[in-house]
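Given below, in the form of structure tokens, are the structures.
Shared between the two complexes below is chain A, which has chain B as its partner in the first and chain C in the second.
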Partner chain A sequence: MDFLQPSSWDEALASRAERPDALPIAGGTDVMVELNFDRRRPGALLDLSRVDELRAWSVEDGAVRLGAGVPYARVITELADRLPGLAMAARTVGSPQIRVRGTVGGNLGSASPAGDAHPPLLAAGAEVEVASAARGTRRIPVAEFFTGVKRNALEPDELIAAVHVRTARGPQQFCKVGTRNAMVISVSAFALALHPDRQAVGTGIGSAAPTPRRAPEAEEFLAGELDWAGRAALPESLARAFGERVAAAASPIDDVRGTAAYRRHSLAVLARRAATWAWDDLRRAA
Partner chain B sequence: MRVTTTVNGTERTADDVWPGESLLYLLRERLGLPGAKNACEQGECGSCTVYLDGEPVCACLVAAGQAIGREVTTVEGLAEGEALHPVQEAFVEAGAVQCGFCTPGLVVAAADLLARVPEPSDPEIREALAGNLCRCTGYEKILDAVRLAARRQATR
Partner chain C sequence: MTTTQTGVRTTGRIGDSAQRPDGTLKVTGEFAYASDLWHDDMVWGVTLRSPHPHARIRRIDVTEALTVPGVSAVLTADDVPGENAYGLEHADQPVLAAEFVRYEGEPVALVAADHPETARRAAARIRVHYEVLPALTDPRRALDDDAPQVHPGGNLVRHLRLRRGDPEPTAPVVVSIDFEVGMQDQAFLGPESGLAVPAEDGGVDLYVATQWLHVDQRQICLALGMPPEKVRLTLAGVGGAFGGREDLSVHVHACLLALRTGRPVKMSYGREESFYGHVHRHPATMTYEFGAERDGTLVYAKARTLLDGGAYASSTAAVVGNAGLLGLGPYRIPSVAVDAYGVFTHNPPCGAMRGFGCVQAAFAHEALMDELAAAVGVSPVEIRQRNGFVEGDRTVTGQVIDSAAPVAELLQRVADLPLPSALPERPDLLDLPGAVGNTTHGEGVHRGVGYAVTYKNIGFSEGFDDYSTARVRLQVVAGEAVATVHTAAAEVGQGLVTVQQQIARTELGVERVVVVPADTAVGSAGSTSASRQTYVTGGAVKAACEAVRTAVLQRAAVALGRPVAGLALDGDKVVGPSGEVLAGLGEVLGDDAVEETVEWRHRPTHAVDPETGQGDAHVQFAFSAHRAVVDVDTELGLVKVVALDTAQDVGRAINPDAVVGQIHGGSAQGMGLALMEEVVVTDGHVRNPSFTDYLLPTILDMPPMRVEVLEYADPHAPYGVRGVGEPPTISSGPAVAAAVRAACAKPLRRVPIRPEHITGT
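== the complex of A and B ==
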């Protein structure tokens, strides 16, 4: 096994192109587990921790361009105002030791259906910026990025550069069910974003389908029923109906962490609560 | 692969390091520092917590090569000569040590908390130590020790 240590983004892309057998490693919170347990033996590790470009974020055209190597701890301390949903999800990741190392880019690279960053990125309509030495950069809507269980739309010569997330125009929520408050891989997770500027609703479902996914019908339903102009209270019956539509969008399975039935039920509850909390936040802000 | 890194203030070098090996293996098996403990190897238990460039991390989840040129502080580096770190002292006095396996990781995590938050609330202590498991379940005494170290730090 080789250890490739690019110190710039151009060098990293060149290494990626030369070594399709290399496994990119950022914070190591997923990759090192696979190595420690002999689950993977790549030809090389491509260490991205020295590529400074990946560790920065900036605001461009009303959206945050979040470098793939920014750890969760910094999303919490630096971006909770602009990206509240992602920051809420980041607070639920692992433990302090995991949050200073793990990155949103790494979460996207692993593409686990349980990745905590995915639901808020889906709800916000984020785009993943990927790049290769040969073809330059392209942007992939995050809803099209996940292609299967732990599979994503990256070509073999591509690396994840950043994720573009529109600065929140309204309240966002993230809820997650697990066996305890810390160090939990979610049994089910749900993210909601209200977009009052275009009277739209965004959703993201985690751990309840082969990939993280949106609940498009539930989004349209809630956006159509909400009293955007008058901001009247959200009737409980409406919140419940929304929750049922979110649950219907999932395709959960039974596994060691929970049953399909429990995942569907808990999603309906999480979605009902998230919609109620977010709408109450919007009414208070008015 | 050669790895040179600063450990507890001293530059250390190890040769023939396997590129897939962890910082934890490097510290324990190549540099003779067995303080950080090897247990879950998946970042669940916190027993291998060390500082990497001033941040508490699970050494089992850092590739050894990622530590090249960085600064590592292990539990062995917390005491100053014979004088224990205040958190270490408090763990002894409060009886926060049973089998002792989780202690090094908890001591590093608690020392980091008190360096950032000198007077932590109980929820802050619980949050800071959420990634460290004690299979003896001696959590109450561990919380006592952190509170004691905080009080003592405030009066120094």
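== the complex of A and C ==
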């Protein structure tokens, strides 16, 4: 196995183009597990950890451009105000050591249905910026990025450069169920973002379908029912109806971590609670 | 502390929390575990395992594997020179599968190569032609006439029958339950590892992490067809054991490869292989019935317990013995009828794990005691106190309990501890079920409190010749008195090395005690299991020290011309009746060393009557009680253990810090079984052989504990000690389960309790 270690973004894209068999590696928290278990044996590893461009974030046009190599630990300490949903999700990732190594870009590359970063990116309507040496840069809405179980929309010569997430205009929540109180892969996860500026609701579901996904019907339903102008309290019945619609959007399976029925049930509870918390936050902020 | 005239009292005697010699090394990562073993010209051994729970091996073709560059040997069953069979109680397990494989993960072939990855790739090129056979994976079907036979002798490993009192008892209050316990893993952090070094005499030296060197040696000799003097074992650094190292793992395999290649061979499992490389705790299905007077006084108990032993016997028979003989809890019960069965299936083999048969049973009898309390209208504490053993009571096997049995006091102690405060209005996420998962801010959260009490046999039971050997030497080196302690007892992390030092300091008065590595150059110490080493090897070290002391003082008496009766050892001195220094040890011993070797036994135990299970089966009982407080998000089924407090009688705390450490760890392990730890097996296949999906409690799952240590000395045991390691593992889980039931008002008759069980989805 070859080990490629570009020191600049251009070099990284060139390497990627030359070696479509290379597996990009950032923090290594997924890739190394796959290698150690002999589940993958790529022709080469493309180590992106020396590419400084990937390890920075900036604000452009009211959105955070989050470099693919920014680790979770920095999302928590540096971006909790701008991207509260993603920061909440980052806090639930693995152990402190994993949060120092693991990156949002790596999470997108793995495209696991259980990736913790995905639901808040879906709820926020994020876009993934990908690039290739031949065709330059393009942006993919995150909801279109996940194409199957652990598959994404990257072309063989492309790398993930960054993810663009609009700075939160309203409350966001992220909830994750696991069968212990730390260091656990989610049994189900749910992210919610309220966008009061455009009277819209964003959602993201994790670990309850072949890919992370939104619950569009639930989003429209809640956005249509909420009292955006008057900010009246969220009726319990509405929160519950929203929860049921979120659960209906999932296509979970039974596996060793949980049953399909429990995943649906828990999503309904999480969505109900998250909507209530977020709406209460919005009312308090008013 | 009394001050003697010598002005110096050795510290680190019994009763002190002496520092463990391996402590700093372990927390700084410097300690050499078995997985760190290294030899300059060594090669690596790997194991090819069966992918099927049950199959006939038609043919094994190793040709292609042998062509891989770097490979030095590929071995199959045909290469086992001795008997291709081993086992703790019955030699029924092949070293390498010959005709059949009987569980997923059974070793089939071995490869040695210059790099572990090369060995693994070569192993993947071994072609094994399997004829897959129907597998028996439901233990409840094991005794059916038409069930597939795991071994020619039938699927029953042991049936323990216990009968006492009225054969047809009746009672005004009757409660009953069915209960199920899942398969727990020992999950020791240091996976199986060993290094076998071929010796010039044609034998082999094996360095391995294990629990009982001599029982390993016996089995290895059988498989290699070699006498014990050719197969020498030395204990390598052990990273936890909990019963999972009682059976052989890499032992014979590494020796076979070393003898074949003439090179040192290292074998070291990864985490996934470790799940296939050792036995687990038996899953159990239990049906219990208690009859009682209207005030809750027990009249009778009936129990039927089925333990899934998996594919090979391991220690299933002894586990069945415990589940039957101790499976009704620490209660006075006039009439009992218990049938405990251990059966073969094509599931992973099960055997020893901390708590050994009592853990499974305690979930059932403690859940049923809560039912009884509710039925007669008394509290969980009262019902247990009313029926709990006191010293002098007879157990359900008719054995008189001849030392402390403080069941009522232990319960009172935990009941009297302050309860944790209620959750505040806006609790910190870390204090809530789900923690930073942010699943609740208090919604759906209900608090529950649960109690449990247990007793456990200490040491080996049912007539087993349970002994330990200690060799102690005292000499003066460069002006300093040094005691050397040599045993074959396995330090597995519990602190036995420190205990041996403390005993030698106490008995010989010297400061410096060297505990040399455990190996088979000295006699057997018995197993590091059954909470027995401080008792039995501690007893042997004490006896050997006493023999050394007697010999030294006799010399001193002669040299000093004084009667031996008034002499004692203190520091490096021989002192008189009032502590006055009479001579330095160096003056008495000169360059001589005084060495004594003692084989020490506890009081004999006896086999039980095969028809009734009656008899004095055990040498000692240990008691503990737990009170658990939990917050349960009843809508999501998530649990936060808020408090897990305990009281335990340890007879005498040789090292109080180590005692509390054992209680903390044991409690966490019991709680883990109640809430999350399960090897999930479907159709004979393990579905979660990793720490990603076999969940162990983290620091956010385990609360800080209050531990009440009672010291009611057992007059029959050295220093009055009572085994410590297992009881907390037994009573903590049932207390947690009871607290969860109380919080969510659901029966919950299975552990681990999963979120689905609480939510009903």
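Going forward, the second predicted complex is superposed on the first by the 286 of 286 C-alpha atoms of A that agree within 3 Å, B and C clash if a C-alpha of one lies under 4 Å from a C-alpha of the other, contacts with A are read in each partner's own complex, and residues count from 1 in each chain.
The definition used in the following text is that contacts are C-beta pairs under 8 Å (C-beta built on N, C-alpha and C of every residue); 3 or more make two chains touch, one makes a residue touch a chain.
Everything numeric in this text was worked out from a predicted model, so none of it was measured.
Once chain A of one complex is fitted onto chain A of the other, the partner contacts of A:F37 extend to both chain B and chain C.
Judged by the touch definition given at the top, the superposed model places A:G28 against chain B, while chain C stays out of reach.
When the two complexes are overlaid on their common chain A, residue A:M183 makes contact with chain B and with chain C alike. In the superposed pair of complexes, A:C175 makes contact with chain C only, with no contact to chain B. Looking at the shared chain after the overlay, A:D47 reaches chain B, while chain C stays out of its contact range. Of the two partner chains, chain C is the only one touched by A:M88; chain B is not.
Of the two partner chains, chain B is the only one that A:Q5 touches; chain C does not reach it. When both complexes are overlaid on chain A, the residue A:R55 reaches neither chain B nor chain C.
In the superposed model, A:I98 makes contact with chain B only, not with chain C.
Touched by chain B in one complex and by chain C in the other are residues 36-37, 181-183 of chain A. Taken together, the chain B residues at the contact with chain A in this complex read 1, 18-20, 22, 41-44, 46, 49, 55-58, 60-63, 65-66, 68, 109, 112, 127-128, 130-132.
Chain contact summary for the complex, chain A toward chain C: residues 36-38, 88, 91-92, 173-187, 256-259, 261-262, 264-266, 269-270, 273, 277.
Within the complex, the chain C residues that touch chain A are 120, 270, 272, 433-441, 443-444, 635-638, 640, 675-676, 680, 687-688, 692-693, 695, 697-701, 754-756, 759, 761.
Chain contact summary for the complex, chain A toward chain B: residues 1-3, 5, 25, 27-29, 31-33, 35-37, 41, 44-45, 47, 49, 94-98, 100-101, 181-183.
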